[in-house]
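Structures given as C-alpha cells follow.
Look at the two complexes coming up: subunit A is in both, with subunit B in one and subunit C in the other.
Right after this comes the complex of A and B.
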C-alpha cells in the first residue's frame, strides 16, 4: 500500500474529558492534543483509564464531561460506525464465521464499496501484512500472530485517519511480540494515519511511540518522548513504572537544595528545583557502577558499600540486587563485556553513581 | 512420538467404554423396538406391504401427514419468533434478573405436558377464566369459541415447546464475544447491520439446534391437539393412537409410525442441508 492511497492522519483533541461509572471516576479532567500523523501511546497500569480514553474515541463510551474532537470537530454525537476510525483489539476480534478475505473486506462492504474496489483494497492490505496467500483461510486456521496481522489489515483497509490499538500484542508470546513491534513500525511508516496505542508494557511504549502519555488513576502523570520519559521521569510513579529504577528517600538538610539520602546516609546536593519539594531521587540500575578494588571514585560521585544479594544472568547483561548497610536493596546492572567476572552472592562491593544521573522526584 | 501416540490411542480406547452403557440402552430401548415396529409393519402374519398400500390408497393419511408437517413448521417458526428475542434479552440482561427470568421459563417445563394442555381448557373454555371475565366486564354477551380451534393448538404447542428455543439460543448467545459486535460497529456497521452480519450468523447454531428439537417433538404431538384442537386439527400422532387403542391394528399403526419417522428425518435433513449451504455461502 503506497502512502498516496491513504489520507493523512487527523488530529485528536481531548478537552477536559471526564468519565465516571457510578461513583467511580475512571478518567478525570483528561486534556490531550494529539497531532496529525503522530504515534501516541497511552501507558499505564490496569485501571489507569487508558482503555476508557480509547473506547471514547471509538464511540463505545460517552464522556460524562468534556468533549473529544477529531480534526477540530466534536464526535460526541457520532455513533461508532460514523467516526471513521480503525481499531485493533487485544483478542483480535476477527469474525469467526468469515474467512480472512471477508474479514478484511468487512469495513469496505459496510461502506458499500464496489466488488472490484473491495478486491483491490483487500489484496493491498493483505500484502502490507504479508498475508496475501491466506485470503481463503478461516481465522481458526492461522496462528495468533497472523490473526493480529489480519486484524491490522482489517483496521486500515478503509484508510481511516485515526487508528486505535488496544494492547494489540498482549495475547502474543515474547518473541512474536518483538517481531510484531517491528511490523507495526513498518506499517506506520507506510500508512500516514494518526495512531493511538494503549499498552501497559513500557517496553512497547518506548520502542514504538513518538510521544508517551503516562497515566495513573485516571489522570495524566507525564507526557513526553520516550527518551524524556525514561531519562527524566516527572514523578515517583513515572520513575517506578517505566523501566527499572532505584528510589532513594531524601531528608531535607536545612539548606535549600541539600538533602541526606536516607538509605545511604550520605549528603546529596542539587540546584533547588522549582515545583513541589522533592522527597526522593531515582537512579537507574545502569547508572550505578561497581568500583573495582583500588579504583578511585569519580570526583563528586556518591559511593557506598553493599553486599550482593541476588544475581540474574541474562547473557548479555547481568542484573544484580545488592543489600545496603541498612538492609534496603539496590539494583544495578553490568554489561558482560565490561564486567570482569560474574560476582557471587554475599560478595562485598563498592558502588557509585554520579549525582547528575539521579532524578529528583516529588511524591505523587 | 510412538509412545505418545500409543498412549493416546489407549486412552481413547478406554474412554470408549464410557459410551457402552448409553449404547446398550439405546440398542435395547430404541433400536430393538424400532426394528420391532418395522417388522410388525411388514409381517401380518406373513410378509405384506398391505399397510403401506393402505396409506397410499386413501388421501386422509397423507393429508394428515402434510398437516402435521405444516403445524410443526409453523410451531417451530413461532417458537423462533418468540424465543429468539427472549433469549437475546436473557443473554444481555443483568445476571440477577436473569436468575429470576430463568425460573419463570423453567417452571412450566417441570409441569406435566398433560396438565399444561388441560389447563388451557380451564383458561379458554366456554366457562373458562377468560370468557367469564369478559362476560362479567360486559365486553361480550356470549362466550367466545377459543377452545377447539387451530389457533389454540398453536398456542398450546408453542407454550410447551418455547422454553427449548429460548434455552438453546441463550446457550449460544451467551458465548458470543461482544467484542465482535463492537469491532463490527467501529469498522462501519450500524447497530442493525452489526447484528445482521455478525451476531445473528453466530447465533444460528443455537437457532438450528432449537428448531430441530422443536420440530421433531412437534411432529410427535398428539395429546395437545386431541385436547384443545378441533376434529380438523388431528395430527398423525392421533391417527396412530387411534389405530393402537381403538382399531387395535398394530401393523398399520407401525406403518404410520414409520411414515412419521421418515417424514421427520426428511425435513430435518433438508433443513440441515439448507443451513450448511447458507454457511458455506456466508457473506456480508
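Right after this comes the complex of A and C.
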C-alpha cells in the first residue's frame, strides 16, 4: 500500500473520562491527548481498565462521565459502525463462515463499495500482510499468526483513521509474537493512521510505541516515550512494572536532598527536586557493576558487599540475585562478553552503582 | 494408539467389551427395521418373514393406491409447514432466551421442552377436548399448530446450543467494521446459525411427518400417512404397509443423518 492511498490519522482526546460498572469505578478522571498518526500504547496490569478505555473509543461502552473526541468532535452520539475506527481483537474474531477474502471485504461491503474497488483494496491489504495467496482459505485452514494478519488486513482495509488493537498478540506463542511485533512495526510505517495498542507486556510496549501510557487501577500513572518510561519511572508503580528493577528504601537524613539507603546503610545525596518527598530509589540491574578483586570503585559511586544467592543463565546475559548484609536481595546482570566467568552461589562479591543512575521515587 | 500410551480407565479389556456392547446395541436398534425391509420385497400375499420369493409387487401396490398417495402428500406438506414454523419460532425463541435475563426464564425453558416429556396421548386427549370446544376438530391448521408445539423443543435446543458457543465479539467486530445491528444479524449471526436452523428444520419435519397419536385424535375424516398405515393395519395386514414402512425408514434415515451431520458441523464450526 502506498502512503498516498491512505488518509492520515486522527487525533483522539479523552477529556476527564470516567466509567463505572455499578459501584466499581473502572476508569477515573482519564485525560489523554493522542496525536494524529501516533502509536500509543496503554500498558497496565490485568484489570487496570485498558480494554474499557479502548471499548469506549470503539463505541461498545459509553463513558459515565467526561467525553471522547476524535478530530476534535465528540463521538458520544455515534454508534460503532459510524466511527470509522478499525479494531483488531485478541482472539482474531474472523467470521467463521467467510473465507479470507470475504472477511477482509466485509467492511467495504458494508460501505457499499463497488465489486471492482473491493477486489482492488482487499488484494492490496492482503499483500500488505503477505497473505495474497490465501484469499480463498477459510479461517480454520490458516495458522494463528496468519489469522491475526487477516484480522489486521480487515481492520485497515477501509482506511480507518484510528486503529485499535487489544492485545492482538496475546494468543500467539513467544516466537510468533516477536515476529508479529516486527510486522506491526512495518504496518505502522506503511499506513499513516493513529494506532492505539493495548498490552500488559511491557517489552511489547517498549518495542512498538511512540508513547506509553502506564495505567494502574483505572488511573494514568505515567505518560512518556519508551526511553523516558524506562529510564525515568515517575513513581514506584512504573519502576516496578516496567522492566526489572531494584527498589531501595530511603530514610531522610535531616538535610534536604540527603538520605540513608536503608538496605545498604549508606548515605545518598541528590539535588532536591520539586514534588512529593521521595521515599525510595530504583536502580536497574544492568546499572549495577561487580568490582573485580582490587578494582577501585569509581569516584562517588556507592559500593557494597553481597553474596550470590541465585543465578539465572540466559546465554548472552547472566542474571544474578545477591543477598545484602541485612538479608534483602538485589538483582544485577552481566553480559557474557564482559563477564570473566560465571559466579557460584554463596560467592562473595562487591557491587557498585553510580548515584546518577538511581531514580528517586515517591510512593505515588 | 501407541502401546505405552495410557488409555485412562478404558484399558485393553474394556475396548473389546465396548466393541461387543456396541454390536449388540446396533442389532437391538436395527433388528425391527431389518425385518421390515425384506418383507416389503416379498411376493407373498401375507406379511411373511423371510419372504419366499422377491418382487416389487407391494411397492407397485403402494404407488397405485390413491388413498396412500394422497395421505403421503398431506403428511408431506403439513410436515413442511410445521418444519418452517417450528424452526422460525424456535430460532427466535432461542435468540431471545440467550440474549435476555429475566425471572422465570428457566421455567419458560421448561415449558418449551415439556412436549418432549409429557406423554403424547395426554397431550392428544387435551387437544381433542380443546378443539371440540373450539369446533376445530378436523382442521388442518389445528394439526399443524399441535405439531409445531411437539416439534418446538428441537429448534430451541439445537439453536440454543449453537448460540451458547457463539462468540459475541464477532458481532462487535461486525459493528466496528461498519455494519448496523440489523446487518450484523443478517450477515454474521444468521449465517452462523444456518446449519443449526437447517438441522432443526429436518428434525421438526420428521416429528410431524411420522406423528400418529394426535392425528388420530383430531383429524376427523382425512388421512395423514401414519394414520392411513394405522387404519390399514386394523383392516387387513397387507404387505403394502411393509413397502411404505421401508420407504419411510429410508427417507427418515437419510433425513436424520443429514440433520445430525449439519448439527455436528454447526458445533464444530462454533468451536473454532
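Structural remarks
In this text, the second predicted complex is superposed on the first by the 364 of 364 C-alpha atoms of A that agree within 3 Å, B and C clash if a C-alpha of one lies under 4 Å from a C-alpha of the other, contacts with A are read in each partner's own complex, and residues count from 1 in each chain.
Convention: contacts are C-beta pairs under 8 Å (C-beta built on N, C-alpha and C of every residue); 3 or more make two chains touch, one makes a residue touch a chain.
Note that the coordinates shown come from a computational prediction; the quantities given were computed from them, not determined experimentally.
Upon superposition of the two complexes on subunit A, a steric clash is found between subunit B and subunit C.
In the superposition on chain A, A:158 makes contact with both subunit B and subunit C.
Contacts of A:116 after superposition: neither subunit B nor subunit C is touched.
Of the two partner chains, subunit C is the only one that A:140 touches; subunit B does not reach it.
Once chain A of one complex is fitted onto chain A of the other, the partner contacts of A:60 extend to both subunit B and subunit C. Once chain A of one complex is fitted onto chain A of the other, the partner contacts of A:93 extend to both subunit B and subunit C. By the touch criterion stated above, A:106 is placed in contact with subunit B and with subunit C alike.
When both complexes are overlaid on chain A, the residue A:341 reaches neither subunit B nor subunit C. Common to the subunit B and subunit C contact sets on subunit A are residues 58-60, 79-81, 83, 85-87, 89, 91, 93, 95-97, 106-107, 110-111, 154-155, 158, 164. Subunit C meets subunit A in the complex at residues 167, 169-170, 172-180, 183, 187-188, 191-192, 194, 269-270, 272.
Contact residues on subunit A toward subunit B in their complex (touch as defined above): 58-60, 79-81, 83-87, 89, 91, 93, 95-98, 102, 105-107, 109-111, 154-155, 158, 164.
If you check the complex, the residues on subunit A that touch subunit C are 58-60, 79-81, 83, 85-87, 89, 91, 93, 95-97, 106-107, 110-111, 139-140, 154-155, 158, 164. Contact residues on subunit B toward subunit A in their complex (touch as defined above): 177, 179-180, 182-191, 193, 197-198, 201-202, 279, 282-284.
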